[in-house]
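In what comes next, chain A is part of two complexes: it sits with chain B in the first one and with chain C in the second one.
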Partner chain A sequence: MKHALAILLLTIAATPALAAKVYVSNEKGNDVTVIDGDTFEVLGTYPVGNRPRGITISPDGKELYVCASDDDLVRVFDPETMQEIHTLPSGPDPELFVLHPSGNPLYIANEDDNLVTVVDTQTHRMLAEIPVGVEPEGMGVSPDGKVVINTSETTNMAHFIDAETFEIFANVLVDSRPRFAEFNHDGSKLFVSAEIGGTVTVIDPASQEIAKVISFDIPGVLPEAIQPVGVRVTADGKKVFVALGPANRVAVIDGESLEVTDYILVGQRVWQLAFTPDEKHLYTTNGNSNDVTVIDVATNTALRSIPVGQQPWGVVVAPN
Partner chain B sequence: MRSTVTAPVLFLVAAGILPAAAQTPDDPQLVRAAVLRVDQPALPPISRLEVAPEDLGFAGARLAIEDNDTTGRFMGQDFDAVEVTATPETASAELDAILAQDIRFVVLLADDATTLALADQAGDRALIFNAAARGDALRGADCRANLIHTAPSHAMLADGLAQFLMWKRWPRWLLVHGSHPEDIALADAYRRAAAKFGAKIVEEREFEDTGGARRTDSGHVQVQQQLPVFTQRAPDYDIMITADEHGVFADWMPYHTWDARLVAGSSGLVPRSWHPALEAWGATQFQNRFEKLNERNIREEDYQAWVALRMVGEAATQTRSADPDTLMQFMLSEDFQVAGFKGQKLTLRDWDHQLRQPILLTTGLVTTSVSPQDQYLHQVTALDTLGTDRPESACKF
Partner chain C sequence: MRNLLLAAALLVPVAAPAATPTADWPCIQRLQPRLSLGQVWSGPPPAEGAATPPATAALAERLVQRRMALDEAESEIADFAATADAQALALLMQAVFQRIDTQRATIIQGISRYGHAQVALAGQVETRRRHMAELETADPPDFDAIDAEERALDIDMRVFTDRQQSLTYVCESPVLLEQRLFALGRAIAAHLP
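For the complex of A and B:
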């Protein structure tokens, strides 16, 4: 009996306290909406500081990081209780960040100051400030953790940064206003979205050569409204999802041929995307309709919309 | 296919020992420009909140140079802009002095006539960016091949407002214009916009500039008596359109009309190239950077000067060149585009060298709407529903 209880306790400890909880940062609401990924119910809304934008979670699911842009710091929350645990120095106006695959350090884009700040998530110390182009935003990290990418929106470059020495070793010019950088899971392709250019540039990370520039064409939608922002790639590399901003669509791209295969109608001004850990669902933040759309990844269909707070910006799903 | 720019940046850059593909480390490409502002003697504006700052236009140029230089660090390019103020009498000599320094890009903030005269004076020696003058003739019969307009034209501003008013189904306009030539020209743009979008100008009235004391203690007392009288017995109208380029009367008009009607144009709902309250499309970051650098809110002239120098910077980045002829050629080519925090790329019309751009409709503290309105379609770009389109243009280079 005692034995059985121990096993039961172990099981509880190892499993889903967070069962696919979804965290959405509301830029104008200064809060985070938490959604139950199984029932699609809103579990609660919690204050997180001023102008929350970038949001991510540690690989063990124990720390939720939020860029509080107007507070000039990163706030760290217990994802279970949504109580603030501590803060991290971020440099001014942190917008978006990426965690090293190991969970440490955190690489932060400081939009107003043309810097990428590197912060140790354990010691809470700033490790480096890397000067980059004007209005840094997009942050990506290679699956092996060796290369960090930053995109600068007004300089129109993807900067390749050595994750250990913090030195820029290459710059690739892309189209206007690059917002987001995402590697596929084997690290063979880097996708960089250009919001004003209306394209996604696919870069070979090894040579830093441009492999392809993907454009979009949606019947009945003005070309100017097609503004790619968030990008996510399935673990098998077969599907690439791209949020198209005020086109109110998410594009689906074949990860091999790099051809657009589908457009999914979602809410208004769709910016950021996050998969559930099982990649069954994809969540989109729709900043102008103040909701998130849940997409069924297998069928490329929008399942439902869930109202969240004011101007949802970023989204992350708990890993466990 | 574009190739990679490799740049050993970081601290080398800070030390000024420069990088990048085509250049040797100690040979950054230098791109030089000038900003020339020609100040006309003028009365103070009706509202003290509108007093022009000393660094009007220059402040925007400074931010553009900072932006260009940040990108330039990765490209081995360095940008600078000399700032010159002039009177209408000294403008010509100042332009000569700029050209004598072999500067080939000049951002000009001047009225229509001065802009035209200085563009002719520069001839093929420099590319002039008109960052202030809004007259349609300057883009039409008086257009010049060496003149690029980052300031929107009267026609673009009037069309931007007209589209919104038609969307609101407020098609009956009472047009009140001032007595200066620029007011008459702006009134023409509203007549044209009314015809283009199906509005009806029910009546026109001219508010003559008699040189009265606009800001004395008794100003509002007089105004409160005069304006209702001036606006009474108008045919039924939906909204009053004011055309007042010299700021003589329009700011007084809201709440002083005889009928309870809204006011648009030079006051009330005002069409503009830029507004310091705009937050969409990354504008917040742009406003933050501007305010941090210049310790004030941005004005339209600053935005227009900023766009002009960003165009030069963008051309230098994309062509990897500092050669003025190469940059000019690229800016005027179909491949050119620049991002200006207005939600879509900005490009140049090849028929009159006007920068295509959305028009903000602002009401004091907020951006009320942005034109083009979604309902107005165009075979090339919705932005060409604003202003003079190719078939209508009187411009011949």
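For the complex of A and C:
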């Protein structure tokens, strides 16, 4: 018994605490800040190459992917040690990417080359280059992994790409400068944010018809300051959060009525968002105030601000 | 060709611009001519037409000075908040906002003048180069005039390049003011009941 207890204690001591860690890419700082999701403490800051923007993590939590935009590649890190494991070809100036729900492949938007690059995360090979509109940026993938969405900032379109044939099968015109595409969890709605248009277009992915265009009106804020970028939907589909850029607010939208219910003041120039796995908290990157805000998802309130590196851009939370 | 390079340097201060720089706004940061109170404040709106008490105005005047460290500003705000209600805090916020937004608008006008001065200088460099080319093809060439023009061209080029390199910092100044405004807003909002 004593022996068993000793082994048990040893096991507990040897297993690192798997509190969901939060990874924030700092575009100007050229590093990633790692935050403990339980204590909100900054665990460390690690160099990750030049101009890190898009950041994501594999479903098993073992590989952290960072778009090193000025290095023209994707750098892959061990999320525990933050040591670089290898790199992936990305095409020039990778800005944002999305991982297939299975963890492979990775779809990368190449802003300067009007391409979406598809890369196998196992073999590290490029599988395809898909020509899209001008200045591709936003990337989304349907929950069943069959449809990839790319938004092009200048063409103002959401391109629907078949994940098997890599062919574009539909284009939907949205408002000016679309930045981000996000499906809800049952795949029945696609949300596309338009930074200059100041709207979020809700598209029915099955018919590619526009269901609604959501606009934002914040008392005391000039309309030109409202620039929607990052979008996240809760797993139950009930709440949609939209980062509104220099309005310094995150909008909360009712996922069913598609009406805006709240505006949360966070930090300056809020762009990207990430939930913790339990969806208790939502992290926001605030590029001009150099911090992240932790939002309490249940109450729509800003809980605290955590200072990170220079110009935080993207954020991802480990799945475990 | 050289002029083209100059123009390119003027228009693209760094790679991958977020906005397209022009003479009016030579920065990559998206131009936001005026700020709005709601960008930095989610407390109660200040009562319409309410006068700012002189003590509040004086405090706002001190808070917006960048030489006052932020922790010092926070402690002055805390002292003020000890006897202030939400409306008094809203008035302080409004006074701070108006001052910083005005300063910022002045700086933005300055940046626009800076941008136009650079375009004018690029034009002057081009004129000098054409003049140089004419002088060089003259027969017989006036070497003193060529030397003088070359010196003037060198100076213009140096001024242009120096100013271009400062542009990054010049363009950051509205952002620095926004950062201070936001930080002051957070500090004031922390005392809201």
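By definition in this document, the second predicted complex is superposed on the first by the 302 of 320 C-alpha atoms of A that agree within 3 Å, B and C clash if a C-alpha of one lies under 4 Å from a C-alpha of the other, contacts with A are read in each partner's own complex, and residues count from 1 in each chain.
Heads up, the rule we're going with is that contacts are C-beta pairs under 8 Å (C-beta built on N, C-alpha and C of every residue); 3 or more make two chains touch, one makes a residue touch a chain.
Fair warning: this is a prediction, and the values are worked out from it, not measured in the lab.
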Inset, instruction - Look at where chain B and chain C land on chain A after superposing the complexes, then choose clash or fit. - result: clash
Legend entry - First, second, both or neither for A:210, with chain B first and chain C second: first
Legend entry - First, second, both or neither for A:220, with chain B first and chain C second: second
Inset, instruction - Please work out whether A:63 is in contact with chain B alone, chain C alone, both, or neither, and reply first, second, both or neither. - result: neither
Inset, instruction - Applying the touch criterion given at the start, work out whether A:153 contacts chain B, chain C, both or neither, answering first, second, both or neither. - result: first
Legend entry - Partner chain in contact with A:168 - chain B first, chain C second, else both or neither: first
Inset, instruction - State whether A:197 touches chain B only (first), chain C only (second), both chains, or neither. - result: first
Inset, instruction - Considering only touches as defined above, state whether A:130 meets chain B (first), chain C (second), both or neither. - result: first
Inset, instruction - Would you check which partner chain A:112 touches, where first means chain B only, second means chain C only, and both and neither mean what they say? - result: both
Inset, instruction - In the overlay, work out which of chain B or chain C sits against more residues of chain A. - result: B
Inset, instruction - Scan A:268 for contacts with chain B and chain C and give back first, second, both or neither. - result: second
Legend entry - Part of chain B, among the options 95-103, 221-229, 365-373 or 383-391, whose backbone runs into chain C after overlay: 365-373
Inset, instruction - Overlap the chain B and chain C contact sets on chain A and report the shared residues. - result: 93, 111-112, 222, 224, 227, 246
Legend entry - Contact set on chain B toward chain A in their complex: 1-10, 13-14, 67, 70-71, 73-74, 282, 285, 288-289, 292, 314, 317-318, 337-339, 343-345, 374, 381-383
Legend entry - chain C residues touching chain A - in the complex, by the definition given at the top: 15-16, 30, 32, 34-42, 45, 175, 178-179, 182-183, 186
Legend entry - Complex contact set, residues of chain A against chain B: 93, 111-112, 114, 130-131, 133-135, 152-157, 159, 166-173, 176-177, 196-198, 207-210, 222-224, 227, 246
Legend entry - Touching residues (chain side chain A, partner chain C) in the complex: 69-70, 93, 111-112, 218-222, 224-225, 227, 246-249, 263, 265, 267-268, 288-289, 305
